[in-house]
Amino acid sequence: MLVQQRSLRLPPMPRGFHLISDRIAHALTEMSPIGAGVLHLFLCHTSASLTLNENADPDVRRDLEMSFNRIAPEEAPYTHTCEGPDDMPAHVKSSLLGASLLIPLRSGRMLLGTWQGIYLCEHRQHGGARQLWMTAWGTPM
Amino acid sequence: MLVQQRSLRLPPMPRGFHLISDRIAHALTEMSPIGAGVLHLFLCHTSASLTLNENADPDVRRDLEMSFNRIAPEEAPYTHTCEGPDDMPAHVKSSLLGASLLIPLRSGRMLLGTWQGIYLCEHRQHGGARQLWMTAWGTPM
Amino acid sequence: MLVQQRSLRLPPMPRGFHLISDRIAHALTEMSPIGAGVLHLFLCHTSASLTLNENADPDVRRDLEMSFNRIAPEEAPYTHTCEGPDDMPAHVKSSLLGASLLIPLRSGRMLLGTWQGIYLCEHRQHGGARQLWMTAWGTPM
């Protein structure tokens, strides 16, 4: 049984939904390969989130941004407004989407479906760099 | 410490919320029993999802379908419409609900609450069969 | 490799979003410390949920309650109404937010970001006490 943990710094990204599957897959190659197990991704923030969604058509990313802006609109009657109009909606989206993902590992690779991609969802206009923890466990390969 | 992994194919189900607790419990009996640990369920799709909710009254399932249709309506101004009006709302619902569940195991069984059932949420009109990975780890029983 | 599991009873809390980070951190000190691993929190209910969000300004908690009341309003055309007007919205919120959290552990402590707090989200007017399972695994410290 192998347990490994590392941090990963994601560079600043504009508000929106961004595919980071390749970054995660690359960081995973720097850890010892797992035969059968799980990878946990954990974002240390409350105004950005992680999700899995369609990895092909860029329109999907734009439609996700539009959809979540409708679900958590900037013009709702928030009290916590001191950090700007995009802050409180960012907190709502962060709880809707979640800060963490769990992906099965097999033969050293993530068991993602054909159309599944890993997204960083940046909910702030200027969110800055984002800190992520990767923990992988399972049988050694 | 035991780590086990298997795939499970769910047959095509109509759009809606479907209880699959019994299917999962049955598949779990085909794995070595875990004394204390966790079961991870992972759906390899971006237009269906997994959730836990009330396992008794079928009205709850219909109300969940109605509620998520209001949260992610078909008539929003989507750009990604090439796969039909139910496709982009399905992607939004998939990110809202999530593709993965983590359930504690004890004495070989899932530690679900009295009213908790496992749901496959099928967001497409004709989603087809769905592929799921089960990973269980913990102490042997 | 260490796997530990315990239950935790949360006392009744009023409807709303409640910080429980200190309760969880305290319960964690009663388990053997993990050097590198993960903590799973699992709520055994379908009308309350767990989430991570901003741990400083109490206004955020009030705005989260307001926001989720807009996303899952009491006045939607529900069929399942026998348990009161707050029941079916509670089920919707429970699936939106989720019953479970996964937090990385390192040197015996949770690797939460500076602003991340653990919330119990009580969606019922009178939800009563809530039962939670904690499972921690990883390398011994």
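By written order: A, B and C. Residues from 1 in each chain.
The working rule: a residue touches a chain if its C-beta (ideal position, glycine included) is under 8 Å from a C-beta of that chain, and two chains touch if they have at least 3 such contacts.
All figures in this text were calculated on a predicted structure; none of them were measured in a lab.
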Is the chain-to-chain touch network here best called a line, a ring, a star, complete, or other? complete
Quick check on chain A against chain B: do more than half of the interface residue numbers occur in both copies, making it same, or fewer, making it different? different
With chain centres taken as the means of their Cα atoms, state the distance from chain A to chain B in Å. 20
Quick check on chain C: which residues sit in contact with 2+ other chains? 1, 71, 96, 98, 102, 137
Chain C to chain A touching residues, read off their complex: 1, 36-38, 51-54, 57, 59-60, 62-64, 66-68, 70-71, 96-98, 101-104, 106, 111-116, 137-139
Given the complex with chain A, which residues does chain B contribute to the contact? 1, 3-5, 40, 42-46, 71-72, 76-80, 88, 91-92, 94-96, 98-100, 102, 131, 133, 135, 137
